[in-house]
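Both complexes below contain subunit A, partnered by subunit B and then by subunit C.
Up next, the complex of A and B:
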């Protein structure tokens, strides 16, 4: 190693090339993972940056509430806004109809409103010996790159038509298909556009499969077939630069298959409805009036780590 | 609350949304689903006749009972069937669901029995219940015959889904129901289900497909396997006349509304009354503890006045790390600073203090003799 290079420790990473620059909407994370945004900045923060490329996200729906649609809408809209490719499958006869309900990015709020003065925290005061060493430095550097990675979405405004009518979006309706081979072939063709290699990533893909074991689908009795589809999708996604999200209602599966599906997921989320006019819950949670449901994060992807 | 169900069915569907769907579910312990179904049917039909509902016609798909049952039911409720021919149609899947009588008649020149003559022009026999697509088409045709094409909607009542599931697999029935719900001309749809006849998964599928789930439960739970016991006899008798009616509404905003009522079956019909005791459905989520978790106003002000160990640092004075050794210089500066502090931090007199009451006297007083060296108060 050249002596001119300053070394802070004995071990230094041997970087033969500069870190590859990635396309829009992708962010580098630790251990060489590259993330893409879920469309909800708060969820990205909880998950440690977003969904890692090559991972399979599964969302357990609640049969009583359509909250998984919110997650899907944000995911899909985020991909379209950033120019990423999208494949969408739903149990409806005409999946394109759902595209009309995708939200548009919200107008960016004044950045000042996002600052929170730590000294003004009401509620809990913490006596901390090293507080005096930390200034206001933490919020810098986040705002510039923000809109290139993730946006906040305004659910009241529909996404502009030119995003939806572009060539990058593909819809599959498998309501009448007797088995999963059509869907598998479409996914394979879609994913072959984003092979993973060591170079820089030009663009990423997103697959969204809604209500995978919905009872209307003809194959919904074929539980082993559905499981093997998920497995093959997971392996295809792993070797490509994309993220697949599958939502399913766990109450419609037998318990052993429900467990198997949960194990298949790299990232596992679940949504749950809230009971209306529940007095105890209203006492316990502030903002109960504005809440519509709960989101649980059961598992977070650990693809590039030694822990699996 | 049965009122709210009827209202929801009356109001019908919004543009671009799936039609509201009601499942009425019961079990052997509380077998009143038919009475509830009849009640809902008659209520809906009277509001259709009165013009108060979104839908303008009603199609009844009857599997388990003869069409004359419904006509008699509506007649008893006072509605005039003869003049309302154009507002109700019954698809008769009861008389000859698999088309056997037709086949018999064809092969042996067998003349139809007189009691098979159609009750009136309101009932049409359907003979192919195994084919969900054909059933779907027949229902839509009947409905369009009632209300015409275009944007006018009609409602559907299915009695009962159990029979459908005998003839066709769950996935076809599910597809049939969801196609009906997404048809533009359907205002609302409701069906009857006996949950004992099916596996749990089937009930889950039907609940998944519906936006309102009404279930009937016995008022008093019987212990399993003791039906013949004298003690339980009075409970059984009790349960044969009344039960509990639980409803779960899936609202548009994603919340679930849960309501309960008592239901009484009498000769004249069915009565819904509110539950006598509003017991808490959930266990209290706020833990009940022996100490008070709230603060009074005075306590809140005092708490705000307490000066915590490191709070006063960084206020203009050079930042120093307190390492437990007090030099003379520091000692001199500490006092006037503390005085300034007092003035700034409280509006009332005095500063807040944290007073610690020992739990018991035989605690080893080690913490007093060895204060944290770096606590800088």
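Up next, the complex of A and C:
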């Protein structure tokens, strides 16, 4: 027990500039950014903490495989489990149906024996090449507080009903939107709940837009309208405490517009399927049989900084 | 202070000597980058140089890409306080993040923007006229704001170019080269490259990603008939530039 020290100087620490405490699922990062988890702890590590609030994440889909859905599921489930709000939009007629496929957090490791049986691997893990360059302690750090920020998810178990039926979720079907202004307005209303100011953040929001591409009724200036929508979404997200993720099929865009979309993203990811029975890959990669696809990180958000 | 490390870039632009007049005065500088290699650090560096304490320069920053807080934090680490520069009327920040031209005609929006710039410069004391830098981040987003009417954007840039002769200011723009290189007729890019007196291209290395080298810069200075090429590494408070094969310039 330290004895109380009498002050010997007139300088005292300005406690009001200490980092404000934030709501659940949020973590302070460098340069005044606050992160929320992608729902995949390995991906959070690769990205340097998670997705920064105010950023736009874009995911380039693989036309031959639905792996982007895995990213979305984990992203959405993570938000719901931690009490964050969610706006989900998809081309399906009834987007709510997708919520039934969200995974539940995996059982805590304390409940089972310490021995992890590799055959029981049920969550989405990311095996990345440079993992071996990190010290063991860095990888396994902070297990105690982890569940307040991110969870491992069990893709075989559906998320409990009460998470999905809560008031914190809103769904929009693109089919119901005659043009993008409806979707833009829904996003604006949603984001108005989390205005950004200097202070502690009580609640954060997540927007997930799946397979954003030209709706059935395409018209001549459509490509520019979609770009305009993304730009306005990005600027709305920038001034709020939320993260938006948009997945899109690059094959449906002209190469020039595809590049424009890529430049719009703060964080740019792409997913690619791995062929079964590829002998060359099997020799190159350990654990090839367990792998379902490649995740490429093309760009990492640089908010308030010019370095990664 | 940090003069040594950025010498190659400053040298290529004539900024390594503290001379009057400001070497970029009356010139158009076009920065081009790609998804893999961002060129915004060049913009930050030029902004810092234009607001250096030795000069009486004024910077007008037209931001389509990021809010003020983003640039403020970055420039602070580079040793430049944008808030106090703004308070001293040396830095003007035009936040265009929410400019939406469908509401007003693309032409109307850009004409209004030009008017605002002209008014701001005219309102300055005459002695400052010759030392104004207009910085645009970035042109591809200006096209989006104009709803695809690239012709209006080009007209706007031509008008800004008249300012470089009328008031002797410098125009510094950032654009993304890989958007246009995929088009059949990359008119916009070619026009911009034609307009530019100095072209700075940020590209990835041919060998791919590396921790020690973030990319390469090619500076084509038409006024001096000189082309420089070197590697760079971006850090929090400085950009290190060095010739290929060496670690420090």
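Operating definition for what follows: the second predicted complex is superposed on the first by the 248 of 308 C-alpha atoms of A that agree within 3 Å, B and C clash if a C-alpha of one lies under 4 Å from a C-alpha of the other, contacts with A are read in each partner's own complex, and residues count from 1 in each chain.
The working rule: contacts are C-beta pairs under 8 Å (C-beta built on N, C-alpha and C of every residue); 3 or more make two chains touch, one makes a residue touch a chain.
As the structure is a computational prediction, the values presented were derived from the model and not from experiment.
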item: Partner chain(s) touched by A:221 [first = subunit B, second = subunit C, both, neither]; value: both
item: Partner chain in contact with A:173 - subunit B first, subunit C second, else both or neither; value: neither
item: Which of subunit B and subunit C A:193 touches, first, second, both or neither; value: neither
item: Greater subunit A contact set [subunit C / subunit B]; value: B
item: Which superposed partner A:32 touches (first subunit B, second subunit C, both, neither); value: second
item: Partner chain in contact with A:262 - subunit B first, subunit C second, else both or neither; value: second
item: First, second, both or neither for A:274, with subunit B first and subunit C second; value: first
item: Subunit B versus subunit C as contact partner of A:182, first or second or both or neither; value: neither
item: Touched partner set for A:298, first subunit B, second subunit C, both or neither; value: second
item: Subunit C-contacting residues of subunit A that also contact subunit B; value: 221, 254
item: Complex interface listing, subunit A residues touching subunit B; value: 63-67, 91-93, 125-129, 131-132, 175, 214-218, 220-221, 249, 251-252, 254, 273-278, 280-281, 283-284, 292-293
item: Residues on subunit A engaged by subunit C in the complex (per definition of touch); value: 31-32, 221, 223-225, 227-228, 231-232, 235, 238-239, 254-256, 259-260, 262-263, 268, 298-299, 302-307
item: In the complex, subunit C residues that touch subunit A; value: 35-36, 38, 40-41, 44, 66-67, 69-70, 73-74, 77, 97-98, 100, 102, 140-141, 144-145, 147-148, 176, 178-180, 182-183, 234-236
item: Residue ranges of subunit B in contact with subunit A within the complex; value: 169-171, 174-175, 178, 182, 201, 204-205, 207-209, 248, 250-251, 253-258, 280, 282, 284-286, 308-311, 313-314, 319, 374
